[in-house]
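Per-chain numbering from 1; labels A, B, C and D assigned in written order.
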Amino acid sequence: MNYFTRLDGVEREFRFERRGGQLLAHCGDRTHVLELSMVGDGTAFSLLIDGRSHDLVLELEDGGSVVQLRGERLRVEVLDERERAAAAVAGSRAAGPQQICAVMPGVVVEVNVAAGDQVEEGQTVVVLEAMKMQNPLQAEGPGVVSKVAVSKGQAVAGGEVLLEIEAPDEEPA
Amino acid sequence: MTAAPKPPLFRRLLVANRGEIALRVMRTAQELGIETVAVYSDADRNALHVRRATHSARLGPPPPAESYLRVDKILEVAAQFECDAVHPGYGFLSEKEEFAQACADAEIALIGPSPNAIRLMGDKVAARRVADEAGVPLVPGLKDEVKDPAELAGKAKEIGFPVMLKAAAGGGGKGIRIVEREADLIPAMEMARNEARGAFGDDRVYLEKYVEQPRHVEIQIMADSHGKVVHYGERECSVQRRHQKLVEESPCAVLTPELRAEMGEAACRLAAAVDYRGAGTVEFLYSKGQFYFLEMNTRLQVEHPVTEMCYGVDLVREQIRVAAGLEAMDPPTPHGHAIEVRINAEEPDTFFPSLGTISRLNMPGGPGVRIDSALYRGLEVTPHYDSMLAKVVVHAGDREQAIARATRALRELRVIGVSTSAPVAIAALASDPFRTGDYDTSLLQHQQRQVPEEVLEVASLAAAVAKFRGAERLGNASAAAAAGTPLSPWTMIDRLERLGGRLR
Amino acid sequence: MTAAPKPPLFRRLLVANRGEIALRVMRTAQELGIETVAVYSDADRNALHVRRATHSARLGPPPPAESYLRVDKILEVAAQFECDAVHPGYGFLSEKEEFAQACADAEIALIGPSPNAIRLMGDKVAARRVADEAGVPLVPGLKDEVKDPAELAGKAKEIGFPVMLKAAAGGGGKGIRIVEREADLIPAMEMARNEARGAFGDDRVYLEKYVEQPRHVEIQIMADSHGKVVHYGERECSVQRRHQKLVEESPCAVLTPELRAEMGEAACRLAAAVDYRGAGTVEFLYSKGQFYFLEMNTRLQVEHPVTEMCYGVDLVREQIRVAAGLEAMDPPTPHGHAIEVRINAEEPDTFFPSLGTISRLNMPGGPGVRIDSALYRGLEVTPHYDSMLAKVVVHAGDREQAIARATRALRELRVIGVSTSAPVAIAALASDPFRTGDYDTSLLQHQQRQVPEEVLEVASLAAAVAKFRGAERLGNASAAAAAGTPLSPWTMIDRLERLGGRLR
Amino acid sequence: MNYFTRLDGVEREFRFERRGGQLLAHCGDRTHVLELSMVGDGTAFSLLIDGRSHDLVLELEDGGSVVQLRGERLRVEVLDERERAAAAVAGSRAAGPQQICAVMPGVVVEVNVAAGDQVEEGQTVVVLEAMKMQNPLQAEGPGVVSKVAVSKGQAVAGGEVLLEIEAPDEEPA
């Protein structure tokens, strides 16, 4: 069984094997000896890769893990062969509209667009005040505002969708 | 306890703050034999400052306006516990004239300056006027607030873009906006006013020249009640994101002894001009051999530990001593180099606050490392307060060693449950401008932080092997699991690992 | 990383040790840009030194003889990872001539002295001879081992009781017995021989005068390969229980500058006499203005951080520098006062080792506090290794402040899962003899530690209210619990509190 | 319901009461206002007694708790009224022989007494080697050795009974 990971847009393929009491990892034409040990309550691990020591925290999530390593916090998608095949079949373009969400609980202090407005990439569409700071939320790409779910002065929960932006049907010239 | 100790300088100190600074103040109080009284909002019932204090009293619900900003409640607690002194920390009431006045009225010693000094320096327009009179150089700008948009635009053009808009009541980088073009001036002004009104209850905003390639260099002063003012050299605080300091160091890599003396004297002159008492910081913009007065913070700064490490002093002890009427100590000769890194609960790439519960914690240690932290396992990081949770401060023989030490310490840090700013600081310390010392306040804006390739590979491999081990264990254990609801591989791995510990 | 860094002094350093000292060494190596290789026994697979190293390799089962004392395995790992240097830490192989020789044969730099210096100073009988020749004062005693009981008894009477029996291969207080009366001499000798054989594989024991009211004062030296020997003043290590140091400080409260210079010069003379290289410590007994050579430890001491804090230096960095052939740095001027407290897993009243798993941990922090610790949540404290788990080291402007700071720091410490020696240290710091500085190595024997009445009352109340709350919750929840096995109140309180958090 | 604690030989009696949203503790003629809050996972507590702050860890055991407070680790027996009454009824002199136990795993390096030997308080009866130290174990009171369960060179587990000493029937004159 092969395992496929995706991180920062890069896919990697791994195969694991037990041989003579050792756990081996194959990745491309490289083979590594692994030694994995759990520390304490089951989320912290010490992983030795060919003796190279890595101290990491691994939280399991749907479809992968959040790995914390050397100060970085990385969300890694992991699929095994079967899951990947199933995903490929189901995988049409289910890409919905761009959603602007509240990254944390706060109060909307500005809504700069209305439904139907054209927006550019990087344009500030909403300003959210939280933790004493004004946080401008920007469009991640160009499009047309399809829905405005909040208004100025409204308190919102973390993760709440504030507005939606439909991508343009065709690439502008 | 039988060797007759000297009577303490105060009997009981109320610390009108929370988080790491409340703990910081209590530590010195304990060392001085002074009992401490913590105050807390409902969000902080289990906070370390509450648990470490001699006495603790509830103020109210989590919002600061209902708890840490409630002057009446705080003075009620002070009276209840018969406190003879109050330390305001930084933020909250530390620069509120009303609070200083209320303490004076209640005959409780405030560990800080007089209400008048707070008022003069707290109003940025008034502060510039006093500084000007004391011969402290200013950034070209307006000494008065201008509300009329047309007049404002005219003045801005006169000074020349880029210009800055600063809240009169702001501080610590809060309430500042830079305007690059005339077209953005009026909308920016409105946003700055709104923000200032929300944050400080005072919407006055003033205009000044935006100094290019500026460094933020500040002088630590200490003044006693006998008219003596001394300074503890400078701190360089140019590593900022969103106008908030992230990394501070002392000494500043580019300051000459002559400039240091000149700035130190200017800072002392300003303090003397307002009959200052206690610890204060005079912030300057430094650019190409010139320095300009920015503002005076009439309280302890977040970054005071870098000064403490270089001078081998305890500035809170000095604050308490001068508040008790003792003479300010002459600063010893500084040695070595110190760097402070703030650990904020925030996403490293967006700088957005990160909320959550701390599930795991490992603080750095070893030679030359000091930790000032409010973190504990189980702490819930809420949106009510500042995102700064801890400070990692290092000291070493020289700047190069201090950078290496700070980097090493940050690599040891584990804060699990929220994202932190630590990776940003690691990248900043490793950057060419920082290493050479040739940097300014734009350092972090230009920084392209990249996660090292090896980290990406190891994270991928770790995630894959965890899934493999889960499937493997599930296979091995499938007979045993038999009936009942099916377990996910993740549940299985978790359960089985708890029994085993070692996986091979 | 783009600013061209200097090439590191070594490429890859194997740390042939475990626990806090392995971490300590790795920290400096990391700061110097040197990769590290950890070695571990099966008991230490998850230890911090393994997780923090660049590379890690297994040695064998937990007993030291099968892991950390296996010279062959360690050199095999060094070869496998292409290490060009080895740091032995303290204990284990750090003072084994064979190891130093094996490193030399394998052409790997040992961060330590030559095999010859280790041999001369490691044999206490030979060491006394060398010291005598170098003009370093000795405690009256026998320069050679005496095995014949009758001769031993005669010599002991000559010197005068009390006398001491010391293992030739011992150190760090281990393998020492005091004999008060002639009748106890022969049984004590046999016990000392047995212990020495078990601990060091060498049963030679020698006899000397037991100096009354002795203080243990030691000089830190550093020697380079160019014949330069410098000293970093003294450490006072008289707070001992069972002949093991518990609290150390620098400077010594009673040493005059003249005596300090005299002792420092004597220590440097001894080092020069054996062509010493690296860090070493010359231990003296000090009593009433006189000092006597005790032994030389040819390695880094546990208590080296007090020296580092006073001098603002990194002694491991200096060790690595001189091992790489660089000139020993001239010690800077020391300032302030430092105190180290060892945190051992032991029962505070009996000093017996305490075993268990660390379930909760909170280390002290704030100004002037340094933590060197191998502790982590989940650590199992096993009987295989030394009971010392961490060191709390403080620095302050003067001795009085340092005592207050150490006490404050120890009160912040929480190590849950094992008992620790911290309460003993708190009591020692508070004792009259320690506060006045007028103490000797018997301090802890005379100490009557008493748990404060308030602590007893609060503990009683807390235990009672927990039971009350359990019963109350059980009552409230009895309807909900309904069927099923009956829950104990304790289970109930636990479950319910998890949901609630706050109890009122 | 009253609660009785025993610690260091001192018995204390507490009564708890809820009044007006407050939890009160009565102890003798003193009354205290309590505020108890759990920190984290249920063994650490912050206890305010009339505002005085105590940071403690409380592990529950049969018949009481182990309380850790200001560096001290104290075993507190707690009985409620009913349990205490029951204990008083059952409470005859069930005091068995003095047991010398291994305080930790180790190796017996010396056994200084044999069955039938008279021993004094403080006399070293066994020497146990553990963690590189020789630990002399002493008789806690005078008596006669009734049982020797180990011999020299034997490895023993932590808590294992090494020997037993019967107290003398009468107090010696």
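What we mean here is this: a residue touches a chain if its C-beta (ideal position, glycine included) is under 8 Å from a C-beta of that chain, and two chains touch if they have at least 3 such contacts.
On a predicted model such as this, the values are computed, not experimentally measured, just so you know.
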Pair of chains joined by more contacts [C-beta pairs], A-B or B-D: A-B
Mean-CA-position distance for chain C and chain B (Å): 36
For chain B paired with chain D, centre-to-centre distance based on mean C-alpha positions, whole Å: 47
Rounded Å distance, chain A centre to chain D centre (Cα mean): 53
Rounded Å distance between chain A and chain B, as computed from the means of their C-alpha atoms: 30
Shared-contact residues (touching 2 or more other chains) in chain A: 37-38, 41, 44, 55
Contacts with two or more other chains, residues of chain C listed in rising order: 45, 52, 360, 376-377, 411, 502
All chain pairs that touch each other: A-B, A-C, B-C, B-D, C-D
Chain D-touching residues of chain B, taken from the complex the two chains share: 38, 45-46, 50-57, 80-81, 376-378
Contact footprint of chain B on chain A as seen in their complex: 1, 3, 5, 7-8, 10, 12, 14, 16, 21, 23, 25, 27, 32, 34-38, 41-45, 47, 49, 54-58, 60, 64-65, 67-74, 76, 78, 80, 103-106, 109-110, 127, 129-135, 158
Contacting residues of chain D [partner chain B, same complex]: 37-41, 44, 46, 48, 51-53, 55
Contact footprint of chain B on chain C as seen in their complex: 1-3, 23-24, 27-28, 30-33, 45, 52, 305, 308, 312-314, 316, 332, 335-336, 360, 362-363, 365-373, 376-377, 395-397, 401, 404-405, 407-408, 411-412, 430, 432, 435-436, 502
List of chain B residues in touch with chain A within their complex: 174, 191, 194-195, 198-199, 242, 347-348, 350, 352-355, 359-360, 383-387, 410-411, 413-414, 416, 419-420, 422-423, 426, 451-452, 455-469, 471, 490, 493-494, 497-498, 500-504
